[in-house]
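Letters A, B, C and D mark the chains as written, and numbering starts fresh at 1 in each.
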Amino acid sequence: MGLVDMSVNLGGLQMQNPVAVASGTFGYGREYQSYIDIRKIGAVIVKGTTLEPRCGNSPPRIYETPAGMLNAIGLENPGIEVFLQEYLPALMEEGVTIVANIAGNSVDEYALITRIIDNHSGIAAIELNISCPNVKQGGMQFGTDPRLVRQVVEAVKQETRLPVIPKLSPNVTDIVSIAKAARDGGADALSMINTLMGMAVDIDRKTPVLGNVFGGLSGPAIKPVALRMIYQVYKEVNLPILGGGGISNTRDALEFIMVGASAISIGTGNFVNPSLAQEITQGLEKYLLEQGLAQIHDLVGAAVQ
Amino acid sequence: MGLVDMSVNLGGLQMQNPVAVASGTFGYGREYQSYIDIRKIGAVIVKGTTLEPRCGNSPPRIYETPAGMLNAIGLENPGIEVFLQEYLPALMEEGVTIVANIAGNSVDEYALITRIIDNHSGIAAIELNISCPNVKQGGMQFGTDPRLVRQVVEAVKQETRLPVIPKLSPNVTDIVSIAKAARDGGADALSMINTLMGMAVDIDRKTPVLGNVFGGLSGPAIKPVALRMIYQVYKEVNLPILGGGGISNTRDALEFIMVGASAISIGTGNFVNPSLAQEITQGLEKYLLEQGLAQIHDLVGAAVQ
Amino acid sequence: MPACSSGIVRSNKKVGPDLWEMEFTALALAREAQPGQFVHIRVGGNQDPLLRRPLSIYDVDAGLITLLYKVVGRGTEILSLYSSDQPLDVMGPLGKGFSLVQDRRVLLVGGGVGIAPLLFLGRELKVRNNKVIVLHGAGSKEETCSGPKFTGLGMEYRIATMDGSLGFKGLVTDLMEREIDPKSIDYIYTCGPEPMMEAVAAFAARNNMPGELSLEEYMACGVGACLGCARKLKASDPSYVKICHDGPVFPLDSVNIAP
Amino acid sequence: MPACSSGIVRSNKKVGPDLWEMEFTALALAREAQPGQFVHIRVGGNQDPLLRRPLSIYDVDAGLITLLYKVVGRGTEILSLYSSDQPLDVMGPLGKGFSLVQDRRVLLVGGGVGIAPLLFLGRELKVRNNKVIVLHGAGSKEETCSGPKFTGLGMEYRIATMDGSLGFKGLVTDLMEREIDPKSIDYIYTCGPEPMMEAVAAFAARNNMPGELSLEEYMACGVGACLGCARKLKASDPSYVKICHDGPVFPLDSVNIAP
């Protein structure tokens, strides 16, 4: 480092570099500790957390699809209190930039979780999962209705001074209107995209593969859809974007940055290559040097016409 | 054949077997004639046709993505009159079941093309492309608004006795409401899904790859999304479904049938394996024999809970 | 500490119908591996197939790791195309392995390719002065390539084949019920198809015998990060274990296999 | 009639930096192939990479088809891993090839791997009693493996390398301008990078010389069914040709390369 400035300010979330690991794909940080120096990651977005503990969906919960995977974890998590008391401290000790990812059954629940986080130290920003397609009461309805998106964001903003980053669902007709609603609610940045809703069939048993029937599609397969939505939103909505969906190498990361992502997130890619976040950070730095660019910001939106 | 009944009646469209080739991926039939016996195909859905000739989008028009491809052909076609006069006769001579795929700029245009087709012989059914994401004036707005979907279908139905099969766009929040609108408009069957809207970036030139910026994502990558939408619609809407999206082998075809497709369509798969339609027809027949089933219909929706 | 390493394939050969044996070197991995643990392998380098594939550690000897795998799909098929000197992208060792008893009379029951983790286990059990009997169930004689390896390490190896082409004709659990005197065994380890392990667990329970088994689930991360490989050990359990992280090995009596 | 056949790889060897030569048998294909046509190959058997890859026919001799290809991405990389006796999923011959003149003085100008279709073309031109001069532009000496093949067929082969390691130092089109007397040539064929072909086209136009070139575009179907490989030959053209079906070969003067 040094020659190029890799740091990013994502709507108030200060990141040492633009590469985050996505919620639900990196556990609580410690699981991958022997594969990657987690202190070098731009931000660790921890597993989606709810007010009460949740035991998650019945298995099978994951399944491979062409260049992608389906997951229906069902937001298994120990609840916000246990997360803050038992999981957070170890991660804080590493000096990592930690982003919470929260999901609620109601606007009030989102607000309440936020209040609890705000009373606690160690969290740098809050990503609002308004888009998890797995839990009937846990997101879908918020992420697909502009009015609800705005309401949730407003309610959460009132409870905290932390940057609030709604994570948009791609399962919508008009992503721009959703993004605008989030902005109008006071969002500091946007995270996009969450998984596409999909399914697979076990033809031998003649049933859906996943215990939950439907699951979220992630991985390289969805990259074209993610790029398109970020491009559309970047053109219309003046908020920094944390972009992801299928990133698996530096070239992919550059595609996201060039359609308007100020920072990127790596999800499924961690499963394939646990040190991917670090490799991409290095790859981006090398690219900037080669291109004679001083900062990553100079590339953001470069391909948007 | 013989031992099992492979024929399908898809809302009035009589097919000798359930395997169709998808619009835009099989030209006007003759292009693949030396690779496959086109008379053995359940139905050939020809390239999308408009009232006037169209020269299509500027290149690049296609690009490979992980387990998929993007296309932005832009409905290049010679117009309905030239199609009927010059392209159709050769195909008719083969004795193939021919489905037209039509797109229009307005409800009136859809109706007019339909009237022209209805005055002509040789077409077995009309697939309504209300979902092509490539041409600004050519579809997107129809396929994503339930009221417009209903209007278009109603208008077309008034012009013809041929089976009318709207082809649904997956780029919507609620596919079931779109399907219901199509049903309420009088659709005889549903075709789903068309391509997901996506894009790719040429990072060396810092521009979108496609001349049209956005393109339709097809191929195995989208299979989980297609299966999910067909599952949802099959449960709620009592119309036969022509299902497709990423089918590349018999197992894929069985997945589609088990979530509710009465017949299937092969698109991108033709490019990879020009005799795929025939191989899948044989594969399905073999499967039925092995399972001791008398007809394909016994499998339709078998995995729907 | 487990790591992501570039192993080097030393050999990769067919040892039965659809059955392959791969040897590779990966020093740290070999040093730390425990019986019952697994490795997580990226096959090919393209986006399809995308996820790593979990395979048990079949044997570890002098820095060389051996896998025994059955070609059942595209991932294992691609793996079978690897040749000597090719690099192998492998994570591990992963999961919690078998506990290693000492000075006991031990029974190992393996079904099909489920025999894989039992060889390395047997090796370590012999080092710990156990008397080891191995029962192996296979389809036919052609699938019993591991036999000589067990006997070579001083274990008693008995085989049951479905077609009777070698040893006892029928299920390995029938062989067990027929030939194993429960009083002669202190501890059971098993790995194989779930119905087989269920019969083994029932046998153990009837005879008040402790033991362990190894489970499988689809996996993505392999390290406990994705919560994908969830399973309730007993239907009455309130929460799900993660096979990759809490297992794949569990006490026989903690699991209730029948759904 | 073109078909989808299972060719059999006979050899596949590296002949330069990132440059490979593959020989395979596919009888019908070999019988029907015309110079300038291409084959469409499915590399690997997985969903990624998904689409076939178009490659020119480099040579056809006694039922054996040869390809010359540069490894530029994943598809060609996978192709380079094929070994003898492996089946090759290949469609072809596709497209419209070069027209074959007779009893003329012909110039072939190839740039880089664009030399590929010119060898088979040269072979057929020699059969038709043409005098053939080949100009080949390459990065360096290491990329000129095709030289002996041209001379072996009785063509005059001259080389230009960017680094001067062999022949003329500089662009092949500079070599052409310098050494080719327009009056000594009746017909030009060219294939290579577009700026090079543009210079060749300008040379031909200036000297009122007819000729043909071969174009490239991304392809999906390769047979004219998807309308993907569209291109306007001249900016003023009302409609798009399909490179796979209307080409890849076009008259030099029908194309206006600069956008």
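Rule of thumb we're sticking to: contacts are C-beta pairs under 8 Å (C-beta built on N, C-alpha and C of every residue); 3 or more make two chains touch, one makes a residue touch a chain.
None of the values given here were measured: they were computed from a predicted structure.
Trainee: Common contacts of chain A and chain C?
Mentor: B, D
Trainee: By CA centroid distance, what chain is farthest from chain A?
Mentor: D
Trainee: Using Cα averages as centroids, what's the distance between chain B and chain C in whole Å?
Mentor: 47
Trainee: Based only on mean CA positions, could you tell me how far chain B sits from chain D in angstrom?
Mentor: Going by mean C-alpha positions, chain B sits 36 Å from chain D.
Trainee: Can you work out the whole-Å distance between the CA centroids of chain C and chain D?
Mentor: Result: the chain centres lie 53 Å from each other.
Trainee: What residues in chain B touch two or more of the other chains?
Mentor: In chain B, residues 66-68, 219-221 touch at least two other chains, as defined above.
Trainee: Could you say which residues in chain C touch two or more other chains, in rising order?
Mentor: 47-49, in rising order.
Trainee: With chains as vertices joined when they touch, what's the shape: line, ring, star, complete or other?
Mentor: Topology of the interface graph: complete, with all chain pairs in contact.
Trainee: Any idea which chain B residues touch chain A in the complex?
Mentor: Of all residues in chain B, those touching chain A are 65-68, 70, 144, 171-174, 196-203, 206-208, 213-215, 217, 219-225, 227-228, 231, 246, 251, 254-255, 258-259, 302-303, 305.
Trainee: Which part of chain B faces chain C closely enough to touch in the complex?
Mentor: 66-67, 220
Trainee: In the complex of these two chains, what residues of chain D are touching chain A?
Mentor: Touch residues, chain D against chain A: 47-48.
Trainee: Considering the complex alone, what residue numbers of chain C touch chain D?
Mentor: Per the touch definition, chain C meets chain D at residues 44, 46-49, 74, 78.
Trainee: Please give the residue numbers of chain B that touch chain D in the complex, ascending.
Mentor: Going by the criterion above, the answer is residues 24-27, 31-32, 34-35, 47, 55-56, 58-64, 66-69, 71, 73, 76, 219-221, 248, 268, 270-275.
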